[in-house]
Amino acid sequence: MPTGKQVSVDQYSGSTADQDRSSMDLTASKPVSETSRQYTTELLSIENVSLSFGGVQAVTDISFNIMEGEVRAIIGPNGAGKTSLLNIINGFYHPQEGVINFRGKQRRRMKPYQAAASGIARTFQNVALFKGMSTLDNIMSGRSLKMHRGFLWQVIHLGPARNEEIQHRRRVEEIIDFLEIAHIRKQPVGRLPYGLQKRVELGRAMAMEPELLLLDEPMAGMNLEEKEDMSRFIIDLNSEFGTTIALIEHDMGVVMDLADRVVVLDYGKKIADGTPTEVQASQEVIDAYLGVAH
Amino acid sequence: MFYREAGQFKTSYAADQALLPIRQDRIGLGLILLVAFVAVPLLASDFFIGSIMIPFLVFTLAAVGLNILTGYAGQLSLGTGAFMGVGAYACYKLTTYFPDINILFMVLLSGIFSAAVGVVFGLPSLRIKGLYLAITTLAAQFFLEWCFIRIGWLYNYNDSGAIEVPQRKLFDIAITGASASPTVRYLVIVSLVALMTLVAANVLRGRIGRSWMMIRDMDIAAELMGVRPLYAKLSAFAFSSYYCGVAGALMVFFWIGSAEAEAFDINHSLLVLFMVIIGGMGSLLGCFMGAAFIWILPIAIRAVPQMLGLDVIAATTEHVSNIIIGVLIIFFLIVEPHGLARLWQIGKEKLRTWPFPYSSN
Amino acid sequence: MTTRTLITLAAGMLAASSWIPVAQAQDSLYVPSMTYRTGPFAGGGTPFADGYADYFNMLNERDGGINGVRIVVDECETAYNAQKGVECYEATKDKGALAYSPLSTGITLALVPKAPVDEIPIFSMGYGLSAAAAGDKFPWTFVYPASYWSQLSSIIKYIDENGGVEGQKIGFIYLDAAYGKEPIPLLDQLAETMGFEVAKFPVGVKEMQNQSSQWLNVRKERPDWMIMWGWGAMNPTAIKEAAKIRFPLDRFIGNWWAGSNNDLNAVGEAGKGYLAANFSGIGQDFPALQDVLTHVVKKGMSKVASEDDVGNVLYNRGLFNAVILAEGIRVAQDMTGKKIITGADMRDGLEGINLTEARLTELGLPGFTGEVKGSCEDHEGGGSIFIQQWNGSNWEKISDLIPPMSDVVRPMLEEAAEAYVSDKPNWQAQTCG
Amino acid sequence: MEMLHSIFVSPFIEMGAYPDFFLQVVWEGFVAGVLYSLIALGFVLIYKASGVFNFAQGIMVVFAALALVSLHGMGVPAWLAVILALGIMGLLAIGVERLVLRKLVNQHDAILLMATIGLTLVLKGVGQLLFGGEPKPMITEELGLPTGSTDWEVFDGIVIFQHIDIAATVVALLMVLALALFFSKTRIGRALRAVADDHQAALSVGISLHQIWAIVWFASGIVALVTGIMWGARSEVSFALEIIALKALAVLILGGFTSIPGAIVGGLIIGIGEKLFEVYWGALFGSGVEAWFAYVLALIFLLFRPQGLFGERIIERV
C-alpha cells in the first residue's frame, strides 16, 4: 500500500498558501458546555418559506434562523419536510414563497453550485459519494471551487497546475488525518463499508471549508461505536474549526447532546424551536412523535 | 513477485500523484514506447503498419474521445462517427484554403471545429440524461451525415462527392497522399496519439477531469459541491469531440486517403463504442486494448482459415467475426463490465501478491 | 496469463505472419477479388462475385489457365466498406496482384491514388470515377466498357429516339451518395443543350426502403420520364413505389446497377415494363457460359445457389469483369512475351485491349456486349450500352447498342480529369501519342 | 422575404390547391407512421417489463421476416412457415432471457443497452449465416395478404390506397387491441403490469421475473415478425431495413419509453410529419431531410418536454 507522507493538522495549520477565508485557521477554542455559549451573528435566516410540488405541500410557512458557530438540529417524524428544507437552503429546490437571508443579505433564486460557492456544504441522507472515485479523489472533489488553474495548465500538468494540485492535496490529507481514514485513502469508495462512506462524505463536505455545513442524517444506519466516532467528528469540527452546522437526525440522544438549538417540524410546519431541553418539554413535540391525531 | 512496489517510498505528494507511481509500470511504458517508435517502424511489414497499426491508433484516439465523454463524464453518445467526420471535412477545407500551412497543424486545428459542433449537440445534455441523451446524439449523427452529403462546399463540389487527400510534406518527406510510406504516416500518428493520450491523462487527473467524473457519478451531488453542470458537460463534449475530430482527420489524411460521407456512418460510431465497452469505460489504457481487440480480432479471424488451409468463403468469416464480437460484448458486460482494462488491473493485483494470494488487504 | 500477454501474443503472431515475405509461387497469376457478400448491398455483390470467380475457374478447368498459367482468385470481403476495402488492398497487393476491381465507389476513390505508387491497375468496370476514362490523366485506372456519364448520355439518347426529349421533364431519382450524384453535372448540361427539364429526387442511404416521400414528389412534379441511379434495396422499393403511383414503368429507366434479376424478382409481375441499361449479355445462351456450367458449376466448384443463377444480369456482369481482366492478361503476355506478368504489364495489357465482335465470338460470347477497344487516351473503350426490359419474370434486350454522345461527354470527362489532377501537384499522368 | 414566403406561405397554398395530393401525403405518412409505431411498440414492451432498451429490435424485425421467407423458400407452406418463424422468435426470447438478461439483472441502463447492441451483432451474423445476406421478396400473396389498390375520387383528383397498406393498418390495430386485452385480462398480463410498476414488489408477491421477461421478448418478437412482413411487402426483406428501425428511437422519445399509446401517437406524428416536411419543405433544404427530421424533431421536443408526450413529470429527489 503506497502511502503519502503523513502530515498533521498542527504542523500545517496557519501556514498554507490558501489564505482565502480559511476557516481551518480558526483554532480558537470554544467552551463546550451548552449553556455558556452565546452567539451573536445570524448566519442564515429563513422567513415564511413555503414549497409545494404539484399540490403536495412539502414545507409550509417556516421561519427559523441559524447563528454563526452553532450546531442547529432539525428534527421531526418521517415526511416532515426536513430534507426539503435542506434542499431549499442549498438551492436545489426553489420555494414558492418566502425569503432566505444568508450572511445578512437576501438571497436571490440560486442554483446549487451558487449556494456551494457562497459557502454552504452538504452531506446526504443516502450516501451520495462519487462511487467510481477513490476516497482521496472524493475529498479532493470538495476542493473544486478552490481550484482555478485554467485548461491549458491542466493540459501540461506542470508548474502552477501541479503546484495547485499538491497544495490542495495537503489540505485533503489534513482532513483524512482528522477523520482517521488514511488507510482507505486510495480505495474506490464504492467498496467501503457504510460507516466509512458516511465519514468520507463528511470529509468531502469539510474540504469545501464551508461556513455552513448541512448534515442530513449523518448517523443513520450506524452502530453505537460508529455513532460515537461521528459525534466526536462533528463536535471537533464545530469547536475546533468553528464551522456552523445544521443537522437532521433521528437519534434523539445524539441530537440532545450535540445541538445548541433544535427546530422541530411536523407535516411541513414548524411546531417547536428552542434549546434541546425546551423542545423536549413541548407538548406538541411529544404529540407529534407519539402520533396524536391533529 | 516481480510486479511489486515494496521498497518504493514516495516522499512527496508530487511523486504520489505521478501518472505512473510504480516503477515497473514506468519501465513497461518505456518498453512499449521503444517498440512503438523504434521496433515497429524498423521491423514491421508495410501491411502490419498500414493496415493494423495505423487503423488501431486512429481508432484508439477516437475511443479516447468517446471514453472521455462516456466513460469519464457519463454522457452516452452514438454520434462519434459524425464528430470524426466534422474533423475530417474541416481538415479538408482548411488544407484547400491554406495549402501552405503544415498539415499537422491543420489536423490539430480541425479538432476545434469538431469541438464546436460537439458543444452545440451537447447542449441538450443539460436537460436530458441517460438513454434519452444517447438517442439525441443520433440526431447529431444523422444530421451531420446529411450535411456531409448535401453541402457541396464541404467537398469542394467534387464530382465524386468525396474528399481526397492532397500530398503534403514535412521536412521534405511526404507524410500524406499515396506516395507517403506507411512508416512515415505511422510515425506521425503514433507521435500524435502518444502526445494526446498524455494530455488526456493530465486533464483527467486534474480539476477538470474530476469535475467530469463528479457529474458522471452523481450529478446532483456534483452540483452541490460547486460544479457547474453547464461547464462540466459542455467542456466534456468539447474535449471529447476534439479528440474524435482529430481522429477523423487522421483517419482520412493518414490512413484511407479519401472518404465519402458513409465512412462516418452510424456503424462507425458503434464500432468505436464497442472499443470503449470492451476496453473499459473510464480507462485510457482500455481505449488501446479495446481498439486493438476490435480492430485486430476480425483480421485474425480472417487469417485463421487461411493458416489452416481451409477454403472458407470470405463472407462466412465476416459473419463469424460479427457473431464473435457480439458474443464477446455480451460476455464482457456480464463477466466484467469494466472491460479489458479492469481485467488487466486484476491481473496486476494477482501479480503483486503472487505467490502469496492472501497477503494483500 | 494476462490479457495483455494474450494481445501481445496475438499481435506478435499476426506480425510474424505478415512480416515473413510472402513466398509468391511464381507459376500462377494472382487476381484478387474484392467482394461484398455481406451488408446492405449483399444482394448485388454475391452474384457479381460468383460470376467473377466462376469465369476464372472455368479458364483454369477448361484451358489450364491463360496460356498455360493457372489463375489464383483470392476473395476478400469488403462489405462495401471503404476501410475494409483498403485493408484488403494492403493485405494482397504484395502477393503479385495484377489488378483490382474494387466494386464500390468509395473503395475506388481510395485506391485510385495508390495505383500509380504500387503499380497495380484499378479496373472499375462502369463505376467509380467517370473522369478516369481519360487515360492520359489516369494511366492506372480503367472504366471499361463505359463511364457513368457515357451511360447517362446513351439513356437520354434512347429517350430522344423514343418520343424526343425536347420540352420533356425528366425525373432523376438517385442514391444520395457519391455514386448517385456523379451523373448530375452531365444531366444538367444535357438539359440545357437539349432543352429538357430535370427534377431530382435523392434517396438517403438509410431511406432506401422508405421512399414514399420521393414518389409523392414525383407525383407532384409529374415528369415524363424517370431515370434511376439506384443500388441494392433501393431498386425494388423504387419500382414498387412507381407502380403504386401508377407511373408508366416503360418510361422508367434504371442504370446498369438498377436492373438486376435480384432487384426485379422482389417486384415480380408488378415490375413488368420497367427498363434498365445494361452492357453485358443476358442469359446462359453463350458458349462461354455453357462452359462455365459444365466445367465449374456442375462440378460443384461454384458458390452459386442454383444453376439458374448463372446467366442473370449481375452474374454476367461479374463474369464480364473477369473476361476483360483475362483478356488484359493475354494481351500483356503477348506484349511482353512473359508468362508471369506484373501489375505494370497488366496495365499495358488492359490499355491494349481490343474486344471486337470477332474476338468475342472466339471467346464464346458472341453479341455479349459492344466493342471494347482501349488506348492510351481512352480508358472507357466503346461506351455502348443497350436497354433491357423486365417481362414479369426475366429481362429481355429491347434495343440495339446505343453509343454515347461522345462529342458532349468526352470534353466533360477530360475537364473533370483535369480538375481532379489540378490540385495534386505530383500526379503521375502519361503523355499519349 | 422570399425565404419566409416559401417557408410559411407557399407550402400551405400548395396544400390547399391540391387537396387530393395533400390527403395522399397524409395517408402515406400515416402508413409509414403505423410501421414506425409497430417497431416502437416492440421497444416499449421490453422496456416496460425489463427496463432494457432493446437496440436489437430493428434486427429482430429483419431476422423474423428473413426466417419466414427463407423457410418458405425451403418449401415449407406459408402457414407453417409463420408458425415456425414464431417458434424461432420464441426460442430467441428464451435464449436472450437465459443467456443475457438473467446475468445482467440490476445492471445500469447503459450496460443493458450495450448488451443489446452486442445482440444485434450476433443476430446480424447468425441471420446472414443461416439465411444469406441477399435481399428476398416477401411472400405477400402466399400469406393471403391483399395486393392491388383502390382509388378514392375526391376534390377533382384521386387518392390511391394500396390494399397492403390498409391491411397493415388493420393488423397493427388488431395487434394493439390483442395486447391491450392480454395485459388487462390475463394473469400473465397483470403480472407483467405489476413488474412494470415495481420489480421488487412484483418479486415479493411471487411473480417470476424470468418468465415475464421471456414472454415480453417473445411478444416483441411477434410484433417484429408482423412489422417485417408488412415492411417487406412494401419493398423487400433485407438487412437494410435495420437502419429504418432506428427511427423508432425518435418515436420513443416523443411517446415516452413506457407508454404504448405514446408509441402509437409518436409513430404517427413522426410518420406524417416527415412526409409532409419532405414533400412541402424538403426542397428548401435540398431534399433528403427525412434522414434526420425524426431525430431533430425528437431532440427539439425533448428540450421542452423531457418526459415525452405521455410520460410523467420526473421530480428529482436527493
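Chains: A, B, C and D, in written order; residue numbering restarts at 1 for each.
Here is the rule we use: a residue touches a chain if its C-beta (ideal position, glycine included) is under 8 Å from a C-beta of that chain, and two chains touch if they have at least 3 such contacts.
Just so it is clear, the model here is predicted, and its values are computed rather than measured.
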item: Comparison of B-C and C-D (more C-beta pairs in contact); value: B-C
item: Identity of the chain that, by mean CA position, is farthest from subunit D; value: A
item: CA centroid of subunit B to CA centroid of subunit C, Å; value: 35
item: Whole-Å gap separating subunit A and subunit B, where each centre is the average of the chain's CA atoms; value: 41
item: Averaged-CA centre spacing for the pair subunit D and subunit B, given as whole angstrom; value: 33
item: Overlap residues in subunit C, where contacts from two or more other chains coincide; value: 37-38, 42, 46, 176, 204, 206
item: Residue list for subunit D, restricted to those that touch at least two other chains; value: 128, 133, 243, 246, 286, 288, 291, 318
item: Of all residues in subunit A, the ones touching two or more other chains; value: 92, 124, 128
item: Sites on subunit C touched by subunit D in the complex; value: 37-40, 42-43, 46, 176, 200-204, 206-210, 212-214, 216-217, 219-220, 232-233, 236-237, 240, 244-246, 262, 265-268, 270, 305
item: Subunit B contact footprint on subunit C (complex, rising order); value: 2-4, 7, 10-11, 13-15, 17-19, 21, 35, 37-38, 42, 46, 75-77, 79, 82-83, 86-87, 90-91, 94, 105-106, 109-110, 113-114, 116-117, 129-131, 176-178, 181-182, 185, 204-206, 303, 416, 419-420, 423-426
item: Partner subunit A, residues of subunit B touching it in the complex; value: 5, 8, 10-14, 16-17, 21-22, 199, 202-203, 205-211, 213-214, 216-218, 220-229, 235, 282, 361
item: Sites on subunit D touched by subunit B in the complex; value: 53, 99-100, 103-104, 107, 109-111, 113-115, 117-126, 128-129, 133, 243, 246, 249-250, 252-253, 257, 285-286, 288-289, 291-292, 295-296, 298-299, 302-303, 306, 316, 318
item: Residues on subunit D engaged by subunit C in the complex (per definition of touch); value: 18, 21, 24-25, 28-29, 31-32, 128, 132-138, 147, 149, 160, 162, 231, 234-236, 238-241, 243-244, 246, 274-275, 278-279, 282, 286-288, 290-291
